[in-house]
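Order of writing sets the labels: A, B and C. Residues in every chain begin at 1.
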Amino acid sequence: MFEKILTTISNQPPLVHSITNYVTVNDCANIVLACGGAPIMADDINEVEEIIAICNALVINIGTLNERTVAAMIKAGKKANSLGRPVILDPVGAGASTLRTNTVFKLLKEVQFSVIRGNVSEIKTIDQGSGTTKGVDADISDAVNEENLDQMVVFAKALSAKTGAVIAITGAIDIVADRHKALVIRNGHPMMSRITGTGCMLTTVIGSYCGANPDELLLATAAAVSCLGLCGERAFAKVQAHEAGTASFRTYLIDAMSRMDSQTLEGGMKVETR
Amino acid sequence: MFEKILTTISNQPPLVHSITNYVTVNDCANIVLACGGAPIMADDINEVEEIIAICNALVINIGTLNERTVAAMIKAGKKANSLGRPVILDPVGAGASTLRTNTVFKLLKEVQFSVIRGNVSEIKTIDQGSGTTKGVDADISDAVNEENLDQMVVFAKALSAKTGAVIAITGAIDIVADRHKALVIRNGHPMMSRITGTGCMLTTVIGSYCGANPDELLLATAAAVSCLGLCGERAFAKVQAHEAGTASFRTYLIDAMSRMDSQTLEGGMKVETR
Amino acid sequence: MFEKILTTISNQPPLVHSITNYVTVNDCANIVLACGGAPIMADDINEVEEIIAICNALVINIGTLNERTVAAMIKAGKKANSLGRPVILDPVGAGASTLRTNTVFKLLKEVQFSVIRGNVSEIKTIDQGSGTTKGVDADISDAVNEENLDQMVVFAKALSAKTGAVIAITGAIDIVADRHKALVIRNGHPMMSRITGTGCMLTTVIGSYCGANPDELLLATAAAVSCLGLCGERAFAKVQAHEAGTASFRTYLIDAMSRMDSQTLEGGMKVETR
């Protein structure tokens, strides 16, 4: 299913430009390398247009946003749009402060995103800022589960239609959707939420996969979600074997990504179409 | 002794807001998660009041201070004070530059700290900026040892009385004191000073423990100091067993925290009341 | 060959001041500690002069440069020059954007560097900004190899003469040169380019070695290049033994540095004089 996505990355390693937070930036750079891409972190407004011009994708992550970097995000995003490069948004903490929420709304207005990845709560905030129709999200709960899955799939597809972006809602069960089709992914392990940066790393892997596969955004995003989830499963198995803890889990997670291949992913992926 | 402190964290995981340096911020976020809390790093002045309002504690660390973040620290600190949230100060490098020393003095003037943690040299600088009485510190040396321990305990208690904060002086021997009582802690291992961030991580663990136990600041701080020290001992044992080095030590340190429980801490703690 | 360089570090641990990027800053701090130095990261313009005054060397890395930090780099660099402290430049991404290239040109004009370390592409950009003679670099290719080695050695010596700095061109084959003499180093492993920060870490190790050996800049730089390369070889052996990946490689790399000694380095170094 994802063979072509991974082959393209091997053959044409994507250069990924990230404007991101300083908490998890090192993990993000390392996982881009581990998954076969090359990272460039650059956030000064005077260089972001030139940097995105030599890159294959742009990742915008508002984890430790400030006035200076938000201006750079918008400038880089517009340039990426004009060049046809995929732009991925990670709306970290959207809804937790007025600044974050307003920044996300501003970004949605100024930049056309290719993919938006967040947890349910962040994606709800995206929904509020991306149009006038607010009906769909009124009832959605705070986590995707087997009971509300159908409803959440409808929500994700509708939000994709509204935003024009592939929507990735991640949690215990992940949903990746465009307006027509949703992929439900059940890879992953709870220990992924006991380290910082799993979400940020996932977003940069999505950036890498989409950078190499700009015409297959839905499939590339789903491949990234499934792949990092599978890495989490494999990392946890190693933690148990070594009676290790959460810091080792982080190391094993990136290790697993650096050793991933198409065959392993096909064997371990848990993906269902809805 | 610390059973209640750790139980509270398990039952009500604290949300910890840090305004901290970009050198060790990832380790700090990961150790908050490892010890049972949840980290939020946010330093823009336009959101810090809202962020601390949804958190249980605020950690201020001046490791890579600049004008922009110092203003955010003061605003967040005042808001935390008004909400009754514990505020923890890590005066990294106080005394090493005029900017750091003056920033610490300003912070002490504007914000009421609940706990201040530093090495002897940093705590001496705190003493100079926290009142007119300078007598006590005139003779203290640069490290706590068995010879000057009694004198240092008197100093720590007096400084706690002056500042209204629990004082944690950390080094080979640690002292945690309020105005009435001091706990002397002999956990830890010298390899803790061969990686960056042990002090910063300790301060965020203190933030987590105090966030969950706002009415037991002395005990919560001592529990954090003893616990991270014990993790250092266990990490060093693993380094020796694997003929590993300092980077593995860092991994094992956080691993140990993620596997810590009340029973292990009670069995390994080396705490004496003075 | 490098015995004296390493002995000096043990006997008088250098304090190393870095103004660097937020992507790899933690690795840089940890490798300074691992190689026997002590790191201080400080980038506020109001304190950099005081900080460099208490340090043995200054490392300037433009990885995530911005207006605020570039001003601090220049101020710190001038002060370091006036105090006779070694100043090391890592021109990350010079040539990739006008901002980076112009910043490097400005730094070269305002600050006298002791050592400049980069890959071929970055060093080419340095050459363009360091004088009117542009003949030498016209023909150099994008990587040092056995075929162009003689030519690259001539280029490196000429650039050292122009800049007054020891030039370290790193890649599969490394060249360290002053105007009179070049050392060609063949330590290292390809996996070093599959993690972020190897170059940045190398530059801070150079800073540590030069800080402890300010009168032996060529030898100290070559020792650092050979030593980190050897650590890479040893880390890769451990990765293979454990069927591990790139994140473990990073850990083992720093581990190896923390366990390095003169004898191991003498036994493993691959250094040739040209």
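Here are some notes:
Everything that follows uses one rule, which is that a contact is a pair of C-beta atoms (placed from the backbone, for glycine too) under 8 Å apart; a residue touches a chain by one contact, two chains touch by 3 or more.
Given the structure is predicted, the values throughout are model-derived calculations rather than measurements.
Annotation, chain A versus chain B: rotation angle of 120 degrees from the Cα superposition, expressed as a multiple of 5.
Under half of the residue numbers at the chain A-chain C interface are used by both copies of the sequence.
If you average the Cα atoms of chain A and of chain C, the two centres end up 34 Å apart. Shown for chain C are the residues in touch with two or more other chains, namely 22, 26, 250-251. Considering their complex, residues 21-24, 26-27, 63-67, 93, 96-100, 194-197, 244-248, 250-251 of chain B touch chain C. If you check the complex, the residues on chain B that touch chain A are 22, 25-26, 29-30, 33-34, 39-44, 46-47, 50-51, 54, 68, 250-259.
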